[in-house]
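You will see subunit A twice below: alongside subunit B first, and alongside subunit C after that.
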Partner chain A sequence: MQQHILEIKNLSKSYGETVALANFSLDLGKGEVLGLLGPNGAGKTTLISILSGTLRDFTGSVTFKGQDLFADRGLKNLIGIVPQEMAFYEDLNATENLLFWGGLYAIPEKELKKRARELLALVELGARAREPVKKFSGGMKRRLNVAIGLIHRPELLLLDEPTVGIDVQAKMSILDIIRNVGREGTSVVFTTHQLSEVEQTCARIAIMDRGTILAQGTLAELIRIVGEKEVVEVSGEFSAAAFSAIIQQFDGNGMEVLSVTDNQAHLAFADPERIPAMMQHLFQRHLPIADLKIKSPNLEAVFLKMTGRSLRD
Partner chain B sequence: MSRTTLIVRNDLRRRLRAPMATILFLVIPLAMTGVIGMVFNPGADNRTQLPPIRLLVVDNDKDLAAKFLLGAFDQKELKDMFQVTLTDTATGEALMRKGKASAMLVIPEHFSDDLADQKPTALEVVKNPSEEFLPGVAEEFAATMAVGFSALAQVFADELKVIKSVRNLSLEAVTIADMTPFLEMARAKIIALRSYLSPLLLTVSSSTTTRPGREARASGFNIFSYIFPGMLIMFLLFTIEPSLREIQNERADGKTRRMMFSPLSGLELVTARIFSGWLLGMAVCLLAMGAGTLIFGIDWVSYPLQLALVAAACLCCAALFAMLNAFFRNKNQAGAFASPIILVFSAFGGSLLPLEQLPAGMRWVGRFTINNWFITGCREIMDGRLPIAALLVLTVSGLFFAAVAMAVLPRRLSAG
Partner chain C sequence: MKKIWHIGRLDLKLMVRDRAFFFWVLLFPLAFILIFGNLYQGSKTDAKASLTVLNQDQGRWGAYFAEKLKAPGIELAIVATAPETYLRMLVIPPDFSLKIERKAAQELQFRKDSQADLKAGAVADTKISQAIVKLLAELIMYGNRDMKAFFAARSPYRDLVQVRTRLPKDTITKIPSGFDHTIPGILVQFVMMMVLIYGGISVMEDRKKRVLARILYSSASPAELFGGKFLGRLLMGLLQSAILVVAGLLFFRLNLGNAWLSALNIVVFAAAMAALSIFVGSVLRNEEMIIGVSVLTANMFAALGGCWWPVEIVPPAFRALGRISPAYWAMDSFHQVIFFAKGLETVWPNLLVLLAFAAVFTALALRYFKISE
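Right after this comes the complex of A and B.
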């Protein structure tokens, strides 16, 4: 049985009437890369804030390597964080930033300098190491942000939406870094609301919404939740109420309504041959449909099934 | 290297990378001191020299005492001090309205006769309300003359009566024999007075010392040394404040969260921030004081005492802003409140107006400002005194503010 490096049990946190985390439980193995997938407001950042010790007044427990994470300050030496913000000094250069943030972990200076060089090479910033960070592009800054989280060789790395606001190329580069870190034995918790990112990067995926985990497993395991069904995405100028009323009149044998919102609906079909009949039913009732897509079973379908809403909501 | 030292070094390095704000806060107090000093017209040697007092004199008496009084203004020292213009009342008032004179001295009718008859009489001084200082000097001078004339009139009362009677007669009608008894009386009084006045039994010798046994190098008053400490402490507050506001900036941009996730404790971070502010303040303050000496010839008198005072003031400033940032909710609030606080401190504490010119109520409030104690301490050192109260107040307040900041801020920082 794999020993868990991180165990979160029944974590709950509320902001007044709003529940951010509700009996949230999760565990993570050594070297495992876990993608925490959820829409905005799902509770991802609250979870990272609690793990990083900047949010209090919660219930539940978090153990790291079998010890209470919040009781032993020494454990902080073993955990790295990559916050959503570009948390570094823009008026310093990349090397100076790494040496400063690494210095907080009491790493010997010689080793720290060596580690800084290695990391700059890993995030492909070696050639720009002496330039002030304020001259960097958004992608370069994001890569430096990740490098700082790794400067003290953490056993657990927490990344809070590390790819926000950057182009595709920079995003791919960061996802590569995350995969490499996982391969080297560092456990990673990686929050995002981009399905493609977790599909490409994570060995295990947890879908969370409204402060709790709805489903978790490998990509294949999660897709089995939906089953081998075709997913139809219907778009147009209709209201959720109008669509629901019309689709209820359709003989839904083998069809599952995954989600319905204004202008968009997702339906899963066990028998793809029923799709044309469904389309005819919609057209006959003059539902203003603009687009219709048929998709193979994927994580998005799982997410829609589990949360009843799209990640863009 | 300790984590506190690491943060301090990082802060100072960043300040050196973008030195413009610090340089401005170093240059502005020097420039403002220079401008204000120039307005008050210092001489080439930086010693203040009063301009001549433009005094209008309306002589409604035109007799002996009035002539005697006017003659006094022809003496060397008074001639340098007063620029006397004889005029009549209407013209004098018109000139005063136009601001052409500092004061008008009106010698009343029958001034000489009233003195001779031992009757009360009054010299009138009309002061120009648009001037602060020079009319006061003219008034003081008139008051001194009044005392002198009163004394002479009383001592030579009998002689004045004779002089008055003689004036009304033709010279042919007065014989030496008539005058002899009075001349003898006057002679006796002059001889008696001479024993008091020549030589004077009591004389005043004046000198200015900086510390016991040491005579001052300069005998004048350097207006820059009067203005500069106030400017210096105001801009010291402006210099140190941004260092402590970094606490809010770093909370907003996630650096604090990242720091708090490292083994760094909130207490270490607050200590480092206060120390950074203190160190930066010390460096800027000492540079400014050196520049003050080179540019304005300010004599700080005791460098060890000034260093102690600057250290205490910088501690107080840094700790004050650390404490305030423990209660500010965010960087916008910190930014909005910091400058007004500094300006209020400066207005009440004597940076913008001399402490002596402030109303009593403001001066009382001013005792709760860093500016007041720094300026007072500086002046005490320049006067050769120990600034014990200033040092004590600044140090104890600084330690108190630091203690509050260290108690409250770490919890807020840990909360991200």
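Right after this comes the complex of A and C.
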């Protein structure tokens, strides 16, 4: 049995009437890279804030290496957190930033300088190490943000949407860093709402929405949830109610409605032969359809089935 | 403690690194000091204590007396005819010797230019008094002997008496200059302004960018984070003070009175401002608001507190109102220490009031200090 480095049990947190986390439970193995996938407002940032110790008034428990995470402040020295924001000093250069943030941990100065050089090489900022960070591009800043979270060689790294707002090349670079960190034995929890990122990076994926885990497993295990069904995405100028009324009249022979919103619907077909008939059914009822895509079973289909909405919602 | 120092030191480093730092912290206050300092300065200065002796005496006693005025601190000019200009002049009358030989009463005139330096005047006054005492003592010792024999080459009565002058306890020996008021005043004003602006803006920016939250992601406690931010702002205030004190000592002969007590006054005042800046940075949401509030607060406190002019010259109601300003207590403390050479026994209530301000501002800062929006 794999030893769990992090165990979250029945974590609940509300902001007034709004439930951010509802009996959220999750385990993480040593050296495991877990992708936490959820739309905006799913509760990902609340979870990271609780784990970082900056958010209180919650119920449930979090144990790290078998100890209550919040009972011993020293345990925080073993956890690295990369927030969504570029939380560092833009007037300092990259080396100075790493030395400042590393200085908050009990790292001897010589070792800290060596670690800063290693990390700058890892995130490909070695050549720009002495330049003020305010002159960096968005991607470079994101890489520095990740490096700061790693300065004290954490055993657990929590990343909150580390690729927001950067170009594809920079995104790939950060995903590479995360994979490398995982390979070196650091456990990683990585929140995102980008399906492709977790597909490329994580050994295990957890889908969360409305403060709770809906499904978790490897990519293959999750895809099995929707079965070997073709997924049809229908887009157009229609309302959710109109689409639902029309599709109910259709005999799909095992067709499953994954999600319906205004202007878009997702349907899964166990018998792909029924797709042309479904299209004809929609056209005959004059449903204004602009686009129709047929996809193989993938993580998006799983997400749609579990949450009833797409990640863009 | 190490983490508090680590956090505080960085804030100081970021302030010093600001491109406009030397303008705001050195050049701008120096311009104020020059304007106000010269405004309050006397038009003439006479640091060497020059004394002109107009010796009109027909005998030998006038010259003998004038010789006794020679001393290291005096620039003596003995003349036979009155010059057109002088700072201070002692007039030895034509019948000076005659009256001594007759043991008659003497009257010497001492004339001063009203604009002449008071400190140098005090030195001249003392030297004249010493010379008179010496001469009288010699005459008393000489008694009824032949006056003409007094000036014999080996007379045992010549230069017989030494007079040492000692001032009574608590006598103010240093006369304050205009700069002795202006430099502490501008120091207090700029400590307020710089600490509130730099300190307030950096707290606000660190909160908005979640830098404060990220510091707490480490094992640093909220108390260490607050302590670090407080220390950073205290160091900002002390650096601003040190720059102006050094400039004052180097260029304006600043008199600090009891330097330790003046330093204690600066530390306690800077501590109050450090706490206030955290409060300002916690409750205000953008840079423009912080600059506006800080400039307004610092200038209002400076005017009420007597940073620009001594509070003694303002109406009593205005002076009473000034007590709401921490600057008032700091400036009054400086006045007591620098102008009147007072010690801790006099200024402790001021320091206590400043500590009370620091405590209230710290309580407010703690109440409103937020790590994120």
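The working rule: the second predicted complex is superposed on the first by the 313 of 313 C-alpha atoms of A that agree within 3 Å, B and C clash if a C-alpha of one lies under 4 Å from a C-alpha of the other, contacts with A are read in each partner's own complex, and residues count from 1 in each chain.
In this text, a residue touches a chain if its C-beta (ideal position, glycine included) is under 8 Å from a C-beta of that chain, and two chains touch if they have at least 3 such contacts.
The structure presented is a predicted model; accordingly, all values stated were derived computationally and were not measured.
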item	value
Combined model on subunit A where subunit B meets subunit C, clash or fit	clash
First, second, both or neither for A:Ile289, with subunit B first and subunit C second	neither
Which of subunit B and subunit C A:Ala203 touches, first, second, both or neither	neither
Most subunit A residues touched (candidates subunit B, subunit C)	B
Which of subunit B and subunit C A:Met172 touches, first, second, both or neither	neither
Subunit B versus subunit C as contact partner of A:Asp91, first or second or both or neither	both
Touched partner set for A:Ile81, first subunit B, second subunit C, both or neither	both
First, second, both or neither for A:Arg56, with subunit B first and subunit C second	first
First, second, both or neither for A:Leu104, with subunit B first and subunit C second	both
Colliding stretch - subunit B into subunit C, listed as 24-32, 60-68 or 168-176	24-32
On subunit A, positions contacted by subunit B and by subunit C	52-54, 73-74, 76-77, 79, 81, 83, 85-89, 91-92, 100-101, 103-105, 148, 152
Interfacial residue positions of subunit A with respect to subunit C in the complex	52-54, 73-74, 76-77, 79, 81, 83, 85-89, 91-92, 100-101, 103-105, 148, 152
Interface residues, subunit C side, partner subunit A - complex	3, 6-7, 10, 14, 17-18, 209-211, 213-221, 371-372
Residue ranges of subunit B touching subunit A (in the complex, touch as defined)	1, 3, 6, 10, 13-14, 17-18, 253-255, 257-265, 414-416
Interfacial residue positions of subunit A with respect to subunit B in the complex	49, 52-56, 73-74, 76-77, 79, 81, 83-89, 91-92, 96, 100-101, 103-106, 109, 132, 148, 152
